[in-house]
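I've put the structures underneath this note.
Shared between the two complexes below is chain A, which pairs with chain B and chain C, respectively.
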Partner chain A sequence: MLLVDAVIAGVLLGCFYAAVSVGLSIAFGLLDVPHIAHPAFLVLGAYGAYLLGEQGMDPLLAGTLLTPIFFVLGMAVYRFYYVAFEARGSDAGLRGLAFFFGLAFIVEVALILTFGVDQRMVEASYIGDSVSLGIVRLPTRMLVAFGVAVLLTIVLSLYLSFTFTGRAVKAVAQDETALALMGADPVRVKQWGFGIATATCALAGALMIIIGPVEPGLGRLYIGRTFCVAVLAGLGSMPGTLAAGIILGVAESVVLSSVGASWASAVAFGILLIVLAVRPAGLFGR
Partner chain B sequence: MGAERNAGGWLNFIAGGAAILAIALVLTRTIGNEYFFFAGYVVLQFIVLATAWNILGGYAGYVNFGSGAFFAVGAYTAAALFKAFGAPLLAQLMAAMVVSGFLGFMVGALTLRLRGIFFSIGTVAVAVICETMVVNWSFVGGSRGLTVLHPSASAFFGSYTRLLFVVMTVLAVLAVTIARGIERSWIGRGLQAIRDSEEAAECSGVPTLKLKLTAATVSGALMGLAGAPLPFYINFIEPASAFSLNYAVLALAMPIIGGTASWVGPVIGAVLLGSVQQVVTVTVSSELNVLVVGLLLVAFVVAAPDGILGLARKLFGGTRRR
Partner chain C sequence: MSGIQKDVARGIGALAFALAFGAAPALAQTKEPIRIGLSMAQTGPLSGAGKSGLVALQIWRDDVNAGGGLLGRPVELVVYDDQTNPALTPGIYTKLLDVDKVDLLIAPYGTNPTAPVMPLVKQRDLLLMGNFALDANAQIKHDKYFNNQPWSSAKDAVGPFLGLSTKLGAKTIAILAADAEFAQNLAGGVRQGLKEYGLRAVYDQNYPPNTIDFSSMLRAIRAQGPDVVFVASYPSDSAAIIRALREIGVGDSVKLFGGGMVGLQYASHLEALGSMLNGVVNYHVWAPEKTLDFPGMREFVARYQARAKEANVDPLGFYLPPYDYAIGEMLAQAVTATKSLDHKVLAKYFREHELSTIVGSIRFGPTGEWARPRMIYVQFRDIANKNLDQFRSPGKQVIVAPDVFKTGEVVPFNQLRR
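And then the complex of A and B:
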């Protein structure tokens, strides 16, 4: 019975993990940008929702309203990254990594300087409530996060498969030169894609603060979770992201209820190391 | 001719190292202000850490984000040995070197399959897993930490901080000597070949795996050495601060800001950032201090990719050695 509870809670949690990782699946999986700062942007999104929530706004609405701002932010970050590293060509690897690592660090410290290290949370009618579904009781906030997460992943999946710009983003991942020969500018397509990846951080960050309290250092834990999901998914695959998120969520939830909370944070990193060692292409790899 | 000049360089270098040790010893006899040694220890510790990072990150191009783990594993090895057997400092240092070196070897084995960002994420994973294990290890106090009281100092040094200051000076000289030795030998040239193109290096007969394992092991062992005296230095050890991300960021920022191409770079970066850090932490706040480090790191990777060394070469028009 306990196991059933853990698995159901894990599936809900896993969909949330998929939502925080779709942006990384695009930025890292499709566009090949070493985006270590992705979790820091998530926390930034959570604090954005917190700020608007203080004014009495619903966190989900706040997250949605913030997406255009994050979209522009993402485009600016990619443009900067392109000019500073990709356009110069040589040795972008080491410096690009150090750049995003430094960026994540700056975001974290800036948040500490602005808000302090205390945990922050938001208020909404569905936080703190719970719903009974037959034999198990589920917190309503998890169901809300679950619903939004699934919706976000499906919408992005459809966008990448059926719209012109979405297919362009997928195309640039497959063959940049071929895309250029078709008359499209790969840099602008990647910039657009990176903007979308960052925009998801606003909404996923709002989900993050709905699920639990947020503090500036939280991004570090999510380095493991988001990269675990993105790599396990097979880089860039949206259905894979949802499946990988659920696998991680269930694994974490089962460890949490059987071994103890202090081991749960290592689960994502453990799975990540195993996947990297055994099947780097992931479950749904190209 | 070349060999003679090389030998002369080594002679000068060893004389310089000996002079630094002598100066450190003289300082412990002359300077009265205890804070000088307290701050000096931190700067020296970062010289070891930055130099160690550079052996794998700068020479071979494998970016390690988990330096904090090697550092903390060294510190915890020392603390556990002291609690279990009351082991002397020298034994603690040796054990920390071996354990962190082994961890480095394991991370080196990761490079078999992982390159670039995958390797870096792998090191983050190793760091978090190590931290989780320590948090769940009740012998060393778990997440509450462990109080480690250092033994009383010998009459010669007057205070234990002074003794640790001298020990860290020895470690810094040792680390820099090893880094210089690697850089000037076939190992360093092999590592550089790996950084430029691992496939090409492998095809030209460079034993890439052996070199990578060597670099990772040496780098890990030195980081462990840097952390080993920490429990005695603050008389307390606790996972959150020992595994702090700040160590990982500083260990990477210092060589990149100083210049990764030569052993001088990490030393310049560590002395500069370490001193700035002491001043800013004391006068303003420690958060602002890490923000400064982050901003400097980003500014340097964008505007001056070869670090201060590269800037100096440009300014003075010196010929590039490589």
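And then the complex of A and C:
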């Protein structure tokens, strides 16, 4: 029974991991941008939800309303990154990494100066409550994370597969030159894609503060987890991101409920190593 | 007269004027300052308390300087942010000593960042004022370490909690602890005390830092049906555990829940968790209860709270701030009494004298910990949601142990949460 509980809790936790990683799957997986500041944007999204939550707005609604602002922010960040780094030459990767590290610190310090260092939480009817399914009790906030992650994955998968701009984003990951020959501007496509990746941070950030308290430096703790999910998924795969998140979540949850709880993180990352050894392109990578 | 001669003549004139018109205290402030070095968690998981502690030290510095300084010299704090990262503190303290040339040292806030500094101060035979570090000197045994926190060892710290377990007739206990120095030390204290308090551990697990969801662990604990659950956790974990406690529950058998949860002393947590805290029994160092009304304490808290608003830090300041102010008070007493900044002389003073502070009278024992430990345990009662002001009044954090400070009897957790 305990194992069933742990697996169900793990699936819910894994969906949360997928929600916070899906933007990185686009930015890093599809667009090849070393977006190490992704978790910092998640925290920014969480604070946005907190700020609107203080005015009485539901955090999930706040996250949804913030997505257009984050979309524009993402487009602006990519444009700067492109002009300052990507357009200038072959070592853009390493310098870009430094740029995004710097950006993450700027976001963190800006949050510290604005909100202080205390941990912040939000209130909502589904926080602190649970739902009973038979003999299993499930935290409602985790069910919300589950729902949002599944919805986000479906919407992004459909968008990337069936819309012109979505397919262009996928195409730019495969062959920039070919895309340019078709008459599309790869830079504008990447800028659009990065905007979408950043927009997911608003919603996923809202989930982050629904799940637990946030503080300005929290993003650092998510760097490992989000990159782990994105790489395990097979770079750029939306269903893969959901599957990878669930695998990590279930592994962590089962180990936490067993006798060797201390090994939870190690087991999760061990799975990544094993999968990469067997399938270097990741679970859903080609 | 050359330009330089004119400048010297003007300087002598100004000096004479200052002396003639009684500007001696101001002149003292122009002397080379006494530099006190420390690192403080100003970012990272412990920064909520760290920044509030720093505000308290700044209030003390301003108080001392307004009174003419120490030994006629102004006091200056040299502070670095250790980011709550133990890996950074040895480098920071080496810089404080070798580059900044500080005169005195205060330890970082907390056990984890303090532990790596201990070999350095032992090797250089330096005075170090500890700042809420649990058992940091247990192995090193440095004779110039004086730790300002109201408990002397992990076993002492958890003793009152285990005593409450016995009082409630508990026979079994579950231990849940973070994989980090402070939490592990506390959990070790519980394990040491099991036999003495007639308890049997039915669940004993550590969890890795940064764990997000604790529902699996609470289910595993519930499956064992313990009478008591002892938790040693850090701020974000504490919030997640309290939420999971409300959502998943821990079973009807549990008579006592809590113990060593860091964060349940911070205003942000108290306000956000609200009624979810009811029934939890947790350690604390001060609460606005009549038995802890030390001279000067309430005045300090009022002054701190005024400063906290500007500094955007913990608005209550019941946890670290009074104790950090007290570190300053103790240093001032020792330096003034000995008229020295020599670490050997000051350490001798600390070993031999009782020190008067806003957190009460303090005497240090042979290991540099408080000779009369005073870890208090409070039970959250009748807490409403979204109301920080309620915590400023007595009756919300009822002191249930130890007996000498008790303001109410412990009520079984399963009874309060029914």
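Here, the second predicted complex is superposed on the first by the 263 of 286 C-alpha atoms of A that agree within 3 Å, B and C clash if a C-alpha of one lies under 4 Å from a C-alpha of the other, contacts with A are read in each partner's own complex, and residues count from 1 in each chain.
Convention: a contact is a pair of C-beta atoms (placed from the backbone, for glycine too) under 8 Å apart; a residue touches a chain by one contact, two chains touch by 3 or more.
All values reported here derive from a predicted model rather than from experimental measurement.
Residue contacts after overlaying the shared chain place A:A98 against chain B, while chain C stays out of touching range. When the two complexes are overlaid on their common chain A, residue A:S262 makes contact with chain B and with chain C alike. In the superposed pair of complexes, A:V155 makes contact with neither chain B nor chain C.
Once the two complexes are overlaid on the shared chain, A:E215 sits against chain C while remaining clear of chain B.
Between chain B and chain C, C touches the greater number of residues of chain A. When both complexes are overlaid on chain A, the residue A:I112 reaches chain B and chain C alike. The intersection of chain A residues touching chain B with those touching chain C, taken from the two complexes, comprises 112, 217, 221, 262-263, 265-266. Listed in rising order, the residues of chain A touching chain C in the complex are 1-2, 5-6, 9-10, 12-13, 16, 108, 112, 115-121, 123, 127-130, 137, 139-142, 211-213, 215-218, 221, 252-254, 256-259, 261-266.
Residue ranges of chain B in contact with chain A, taken from their complex: 57, 61, 63, 65, 110, 113-114, 116-118, 120-122, 124-126, 128-129, 132-133, 135-136, 143, 245, 249, 252-253, 256, 287-288, 290-291, 293-295, 297-298, 301-302, 305. By the touch criterion given at the top, residues 28, 34, 36, 84, 91, 93-95, 97-99, 101-103, 105-106, 109-110, 112-113, 217, 220-221, 223-224, 227, 231, 260, 262-263, 265-266, 269-270, 272-273, 276-277, 280 of chain A touch chain B in their complex. Chain C contributes residues 42-45, 47-48, 50-51, 83, 179, 205-208, 210-217, 219-220, 223, 235-236, 239-240, 243-244, 246-249, 263, 266-269, 272-273, 276, 311-314, 385-386 to its touches with chain A in the complex.
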